[in-house]
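Below you'll find the structure I mean.
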């Protein structure tokens, strides 16, 4: 669904992403791993059009999206989560989520001033989407709590819910389980599987190998901005270049 | 000895730490396990004087830390590598590290040597030493944070999830480093999600849940405990 | 040619004063994370204190300058403790409004103490120096020399000394600074003190060729704002270069375009520069 | 308190009180203070939209208010337009200016935007002062006609003007309520919280920010137009940044990011300054510290503090429901 | 005993505060003198009082203050020392029935036919020819104009230019400057001097005007100055340290240098009431205006019938004893403006000498 051709991004003299070509496969969990500073986050930033690539193209469903704005690709169906999600602490979780579906609505100022039926309908849809998303991530019980009062792990899930309420086709998850303990990591992994079952493609950056190995359908390995390997978890686990650059010897058997 | 006695902490009306008591003997490496939001970081920030305990006392070699200024606590040798790194993003990596030795500013000789050790340990930092710390990748920044704490030449090192965001290979090296630091005589209190690796180098461990200590024991005992294995180590 | 040199001299004078005021502003910006609207009032109080010391107590110019620096530094520290310290965790707009409160208070206070009229500050340097056809009042040369000496000194202090680094560290991450053992309170008081001192010295240098009155700070502070965003907020070299740019723009703008539009010159310059370079001239990268 | 006031009944009561005010007030002085406060309340509501709801502190707001006032002044005095037509134009002129200035300035973030707009405001002031051919320069525009009568309704007396201004205020509040409670308002709030996140959620930052900016300056422009018809003399001083500061203080005191707060703030604060008049030139010695204490002890303003408390209580209730 | 209140709305805080206070001082002094004489109006014993309100130079605040003064304090007359406030009040004063005592010589104030306005200061146009003739004779025909750019300054400059040219002079540079906002006059002055003028036209508030003069001297200017009447030679001399630098400057006769006996007496009384202070013309004109208002009330036999009071202002000024009219106002014209023969003054050899300006 997402095709990346010879993608390069330079910061000054440093090539954070260097001539990477790959595809993100529809309906699968695509993982990206690599040493620190390999360019994974930058890679995501390029896909979601936060940064403009120095060269190369990105094609989403056959459409060249390389020079679009972030909000435009989001409307095409690319959603992402952030490592830390800023919520408006003084309103409720549900209120925070309603805006998530805004990109699928069309009401403008005129609808607002007229109080048009389209606006009312769309507001209802947004609210429904928000509830659905909360349900989906298993947080309906905190819908009416103030966003400032929920726990870190709940915040992570709210971030998922926000991304889900945009009706995405591809979700980019940057270290979703960073700082999450194994039990809850398992919960998040289950959530990710559920997302994929619902027909949403996932691209995932993570350093937790257990999680990656059990979750990913396909792994892309970056090192110093370059693609050094790509394949199934089994292949990656045994790839000497990856062991050398990233996993270290003992992970090969874990 | 670093000793927590009935330490409580409140955020507004929320009780984040509820009469926590624990200790780390001189030269000991103690691990603190706990789910997200259990209160590990809160405990560390209280020890460093960033938050003020609502009750109880924290002593280091008999000296009361509750009520002391953060700077005085660092001066006394209790240094933290905080969660979220808290670097100086626009300063160069080198300057960040040098400021880690702020409390030793009157005696710069040994600091230069520690700096060398840190750069040895994380070679990528030597490469990037003149870049602003904020431009580094997440994991590289974590290395700077650990290095900065080491620069304080701590007698007690509080490490709050140091492996966060690090590649497996680097994590492995890092645990080796922690062990080495500890073996050189530094008391280490380590909060970790990566329970398996942490317990392998620990002398003793505590389990924190919802602001309370629910379990204490030797690494072997905890590793053998099924419920602990399930919660903190994974299947 | 002679005219050109005259304008260069004038540009340096203005640039020096603006630069000093902007430096103080930029330093405190690092601690407060908002532009300190009360800074112009510090400048004004500095001028009044020096004026008072010279007029009422007959102190010498330099002693009066020291006194002004000391008083305003103390005033800045007090306002840090009472007003800005309690607000250190508040969002941007709150310290800004508090600063306006301080500004109103100081302006009204100065008026109550010294009256609203224009005062004139004496100076021992009244001679006029003739150099190759250009005439330069000694006070102006003094301003240029003192302002730039002070800027260089401050720059060295910030970059070469550990205490200087602590100020920068604090500006970038307060909690991080505490955790390496920097006493955050001390540093933020120190920063306020330095900023107040710079304002007072700038005022005492400049007042003899100008007037002293309660609203005098408003003129300079707007320019200082322009300078710090021109140079990049929180950037020390930015403040110095920005000061010079605005000083020269005003001086040459007034001479070659029109005095009528000289104020607009500075602002239009800013609009143009920021449209091309939204982060200012000297802002550092990092995220 | 705000729980009640924010309800339909509360707003109704507020409206009733303001309709009845002239009978209580007894004299034109009170009416004039109140009418002026209402005019500034309209502008403050606008400032609150861009600052309180969208998170961009616009320090040129008074400049836009002046632009609106000058539109009315120039059209009525120099071109013989009727007041009402000119008032419409004041909104239109500000909308266009807002678009042009917004597109340039909203590319900047945070304090850069604030200081940039501070300078824009100053430029607006200088343009008004220097462009004599258009604005009469420093002399200002005098002899602006009062609003023409509509049918039998004439607007010469302070009482009639009071009701006129009140009508505009009611309209402004009503429209603002609609905006902020709608999806559009939520979009603005999302931008305030984190523009990075908002963008990732598919919100076109520039378009929404510019829209919020334009709406906010239209409020300023219409308020300025009303001001011109009310005071009937305008000078370049109107564009001074201290007026923006005043409005910011009104909004802050009441509670930024609420509709009721800035409204109450801009009605309450002028009365406070009127009552401090006896202190004469010393009143800022008192007012300054009051302001500081307000910021420190009531950071969300009167209304903000009460709403937060109420939201928390409701949240607890809501949670109980969810658990039931 | 009835209390008659006269309103004042002007700047008492902010940049123009001192100006406002100077005006107020003159008013207070007049009121103190009137009260000391056991005043009666319409056969009733009365006491006078000034009610001052701060408007920060802001016309809308002037409007609010006026309402308050009229309705709470029943003031029949309100003195406003700035044109914006005056214009704002002129929209409603006839309907609300109060007299605007306008301290501003902008011509529009009396041109609009407001029936309840008194323009307190004299018109400035009478100075132009005699001032010009004097400096032209002493220094030459080339003038550079660097007056202030506020409304009053511009009105002056607009009238001065044709006046100067009519006498055969040329204007070599026109470079108005912002006296109140500028941080430095160096560039503006050097630009004007680049045209090698014989005379500089300057003027705004006294203190910045003095700085402009000083700046010109520092840049080597040796010619004379025409000083607009807002600036006073004595106040300028205080700023630059004596009349030395002001050699060849011509302006209005400073109150403190005017040797007429009634003027000297006024200075003395003022000094008693405000120890250590020397009155300027803001104090003087408004002092006389309050006396004239009181006298007009007596003549009208009423403290509230504003039309009658206004109609008697001319007679009142004429009836004032010279000691309360040291400026020598001769009456009020049809449009409500005062009529005066003013005197000019020039600096020669470090001393002020009077220059006859009347026709």
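A, B, C, D and E label the chains in the order they appear, each numbered from 1.
We take it that a contact is a pair of C-beta atoms (placed from the backbone, for glycine too) under 8 Å apart; a residue touches a chain by one contact, two chains touch by 3 or more.
Given the structure is predicted, the values throughout are model-derived calculations rather than measurements.
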* If every chain is reduced to the average of its C-alpha atoms, which one ends up farthest from chain C? -> A
* To do: For the pairs A-D and A-B, output the one whose chains share more C-beta pairs in contact.
  => A-D
* Structure fact -> Rounded to the nearest Å, the gap between Cα centres of chain C and chain E is 36
* Structure fact -> Expressed in whole Å, how far the mean CA point of chain C lies from that of chain D is 32
* Distance between the centres, which are taken as Cα means, of chain E and chain A, whole angstrom -> 73
* Asked: Among the residues of chain C, which are close enough to touch at least two other chains?
  -> 107-108, 111, 116, 260, 263
* Give the residues of chain A that touch two or more other chains, as numbers and ranges in rising order. => none
* To do: Could you check chain E for residues that touch two or more other chains and list them?
  => 13, 17, 149
* Which chain pairs here would you call touching? -> A-B, A-D, B-C, C-D, C-E, D-E
* Structure fact -> Within their complex, chain D touches chain E through residues 27-29, 31-33, 36, 137-140, 142-144, 146, 156, 158, 227, 231-235, 237, 274, 277, 280-281, 283-284
* **In the complex with chain D, residue positions of chain C that touch it** => 29, 33-35, 82-83, 86-87, 90, 92-98, 100-109, 111-112, 116, 222, 225-226, 228-229, 233, 260-261, 263-264, 267-268, 270-271, 274-275, 278-280
* Structure fact -> Within their complex, chain A touches chain D through residues 48, 50, 69-72, 74-75, 79-80, 82, 85-88, 90-92, 95, 98-100, 102-103, 105, 107-109, 111-113, 115, 119, 122-123, 126, 140-146, 149, 162, 166
* Structure fact -> So, in the complex, the side of chain C touching chain E is made of residues 3, 6-7, 10, 13-14, 17, 107-108, 111, 115-118, 120, 128, 135, 137, 209-211, 213-215, 218-220, 223, 250-255, 258-260, 262-263
* **For the chain C and chain B complex, residues of the former touching the latter** => 162, 165-166, 168-169, 172-173, 175-185, 284-287
